[in-house]
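Each structure below is given as structure tokens.
The following pair of complexes shares a single chain, chain A, combined with chain B in the former and chain C in the latter.
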Partner chain A sequence: MKTIANNLRLFWQGTMLSYIALFAWLRPTTYIASKILMPLAQILFFTFLGSYASGGSNVDFYVIGNAIQITAVSGIFGVTMSIGGDRWAGTLPYLFGTPANRLMMFFGRAFMHIIDGALGVVIALMWGALLFGVDFSQTNMSALGLTILVTTISTCGLGLLMGCLSLITANVMFVNNTVYFLLLIFSGANVALDTLPNWMQAFSQILPLTRGIASARILIAGGSFSQVAPMLMSEIGIGLIYGWLGYMLFKWFELQAKRKGTLETV
Partner chain B sequence: MNSIEVKNLKRIYRATTGVIRRTTKEIVAVDDVSFEIKEGELFGLLGPNGAGKTTTVKVLATLLIPDAGEVRVKGLDIVKDANEIRKHIGFIFGGERGLYWRLSAIDNLRYFASLYHVDPEISKKRIPYLLDMVGLNGRGDERVQGYSRGMKQRLHVARTLLHDPDILFLDEPTIGLDPVGAREFREVIRNLQSEKKTILLTTHYMFEADSLCGRVAVIDKGLIVALDTPSALKKHVSDLSVVEVETFGVAEEVVEKIRNLPFVDALSVKDQDQRQLLLVQTKLGAEAVPDVMAALDGMRVGRVTVREPTLEDAYVRLVGGQV
Partner chain C sequence: MNFKNLFVYWRTVLTVAEITLRHQWNDSFILFAILVQPMIIAVLALFMLRGLGGDYAMFVVVGSGLTGLWSSLLFISGNSINAERWQGTLESLVAIPTPFEVIIFGKNLANVVQSLISMTSSYLLAALLFGYTLKMVEPLLFLGSVLLSVFAFISFGLVIAPLFIMYRGIQQWQNAMEFPVYILAGFLFPIALLPNWTTPISYILPPYWAARALHETSTGAGDVQKVILAWGLMLIFSVIDLFIASKLFKVMLYKARVDATLETE
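Moving on to the complex of A and B:
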């Protein structure tokens, strides 16, 4: 019982304090701008581009796709910085020198980014309603909320894996940017999946976001929760697989660093 | 009873270079090192840069896996029982890194307290106590980024004492501190010793080891070349005197010329801004001065003194002139 309480405290404090420690550089104005202006810019760019290319018949497709994809900003970049930040701060030896539960330490780093990412999606959808008239009157809002949460969790799972790469390489931001832009295509945010070549469609099925975006489109169009439930199950499963792979990589990194003496190498 | 036992410790670093033709270079950082530290002892590990001090501390702190040898902390194996050992040890590496600069000192300590599973009720009392102990009372709410180097070092001490460990590894903790900060820090170390903590201290500063440590091991090129009390180590050079000559811009050839004089036992050079202080160890004492001055013919020379040897001189003799 005491161990569980210790681990929960570690999870919560790790979540809160690491978020403050590594993201305090985002001053309120910068943070608000990144939460409000950045989603707006992405939605405007891709919606106008997509509408122009497709003859303006399917605005909702681009607005919803990009609004959900916004979660990758927190899920990929935020989580990566949260894990890689310890390397840059020189705190890794001190973290690995503690008896703390590595699972709690690791997953605690993603928690605030789930809330942050979900908030970003909500703001982006509000822009969609305000500027492009996306209609939510037929939407099961609680199911949409769950979809946003599940998609954000699964994207953070990929972020945890990417974050571990930041412990191995100093060039992780290059990899992160590449993954972010690949998600713009492969997740179906901007290109209908059935128009992609078969191999690309197959690849999109092993990524987070793909099913989350599809589910959000169905729900906003008036679909029921039962229609999207299987996709959401798969979405969370994919996120957990990525998160678990990230955790395994984290453990492997710790072991390798102790074998090779690379704990402080940046 | 021994708190720490190190037997035949060996640690090699492997560096790989090249993309197509990959070559691996092996660097033996620690080669067959053995020592024991008793419970409550303050033990010094001295050596030049790259001698293997930090590697030894990292192994003891469970941050490096040894290539060979046996290392035990409180009777526990450093590899198999690493997680149990971590509950009983604390460690500091010199320098400013290793803290969350954007958090306050209190938040840093709260986070590390949770990592060490310190009960919240205990940490609520312990954090102010530790901040007071390291002289940061009243500054705990400030972000660490505004702290001086000395304050960060002292916060590291507070961090490492959160879980009240029995054993402390302090790796060059006073490096980079100003003289006042270093003196205050040494006082903190003395206080810890009075609390019966077992302490392994690595340092470059001989007077620090001399004033703090009960026993000292001198490590050079991964090997322990001497292990004794500071006073016993000084006896290694009790037959010698040290001629100190202050010079300005002395050339390397002149230093070598003096080093090769038949009566010179060891010679080291300390750079002090524009000046170089030549430390000539010799059995001749003051009689060596004319020959040393003759070797410096034409050079600008300042103060010349002859004195008794210190622990530093013993160290210089042991490591062959490297400081």
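Moving on to the complex of A and C:
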């Protein structure tokens, strides 16, 4: 019982401190610029582009796709910076020196970003309703809430894997930015997946977000939870696989660092 | 900015530009900004706009290239003075006899010229991977538009860079400034889609006139008068930007040399 309590405390403290440290460094204005205005500008850009492409007939498709994709700002960038932050700040050797439960420590880094990312999607959808008149009157709101949460968790799973890459490469922002922008294509946020070449469709199926975005579109159009439940199960499964791969990489990195006496392989 | 200095110190401008290019080719973020991101945007736009027909592929090539130019200007040229501070070389640069703005002009020249790669890579992507036959309707006018756009972007960059170092509050909004200019400058869709109140904002942005000149000369959508109007406005805005930049550099150098601080916070 005591072990469980200790692990939960470690999880909570780790998640809070890494998040506070991240935004203490980033400053509140950077938070507003990166998490509120940048997503709004991205939604506007792709929605206007989509509107131009479709003659203004399919605005909801782009608003919803980009609003859900916004979760990747927290899921990819936020989680990566929380994991990589320990290396950049020089606290990684101390963490590896503690007997703390690695699973709690590792997944704790993503927790606040899940809440933050889900909140970001809610704000983005509100922008969509306000500026583009996206209609939520037929929407099962609790199912949509669950979809947002599942998609955010799934994206944070990919972020955990990316975060581990930040421990073994100096070019992680290159990788992160590339992954973020590739998700704009492959997740179906801006292009209907069935219009993409087969290999692109196949690749999109192993990514987080793809099923989350499709589910959100169905729910906002008035679909039922039972229609999207199988997709949400797959979405969370994909996220857990990425997260687990990240954890394995984290463990491997710790093992290598201790064996070779280095915390940096680059 | 004293124009004469650019001619007197032309060798310095070119040397700074060369060193900047060599230095930046090792920076993966810069490669992302000028190569990867514009290509991804080009792929997206090619898929999204394919129903439009006509010369949309050339429109996408130019538009996505412009996104690379702007992102590079915002993040790389915008931080061209900050980068010296981070590396600890700013104090030396403001103390040497060579005018500081000459050095920053050289850095911005390198940044903007290397950003033209984004247009070339988008062209190759559309032509080789997507198989489009791309035809430049007015190649000479297009070349003129490119040269004037480079000058307009450099001049704009010379305003942004001292602002970012003196007022860090502005620099913190950097992440939020990327997409709005894509939208307001009409890189990939006409600004007629936007609400009317945004039009005056577009008109005072040099990237908007660059986009107009480049789109109209590449696709043949506009007549010569429209192109000349865009060129003229790019020149006017460049002169205004250089005037503002000269004032900002004076204030910045005063802070550096007299107040011994480059931060107003």
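One rule holds for everything that comes next: the second predicted complex is superposed on the first by the 262 of 266 C-alpha atoms of A that agree within 3 Å, B and C clash if a C-alpha of one lies under 4 Å from a C-alpha of the other, contacts with A are read in each partner's own complex, and residues count from 1 in each chain.
As a working rule, a contact is a pair of C-beta atoms (placed from the backbone, for glycine too) under 8 Å apart; a residue touches a chain by one contact, two chains touch by 3 or more.
Everything numeric in this text was worked out from a predicted model, so none of it was measured.
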Which of chain B and chain C A:Leu49 touches, first, second, both or neither: second
Which of chain B and chain C A:Asn190 touches, first, second, both or neither: second
Which of chain B and chain C A:Arg9 touches, first, second, both or neither: first
First, second, both or neither for A:Ser234, with chain B first and chain C second: neither
Chain B versus chain C as contact partner of A:Gln256, first or second or both or neither: neither
Touching partner for A:Arg27 - first (chain B), second (chain C), both, neither: second
Complex contact set, residues of chain A against chain C: 27, 29-30, 32-34, 37-38, 41-42, 44-46, 48-54, 171, 173-174, 177-178, 181-182, 184-185, 190-191, 195-196
Chain A partner contacts - residues on chain B that touch it in the complex: 11, 13-14, 55, 58, 61-65, 83-84, 86-87, 89, 91, 93, 95, 97-103, 107, 110-112, 114-117, 120, 159
For the chain C and chain A complex, residues of the former touching the latter: 28-29, 31-32, 36-37, 40-41, 43-45, 47-49, 51-52, 169, 172-176, 178-180, 182-183, 188-190, 193-194
Complex contact set, residues of chain A against chain B: 6, 9-10, 13-14, 17-18, 20-22, 24-25, 89-91, 93-100, 105, 258-261, 263
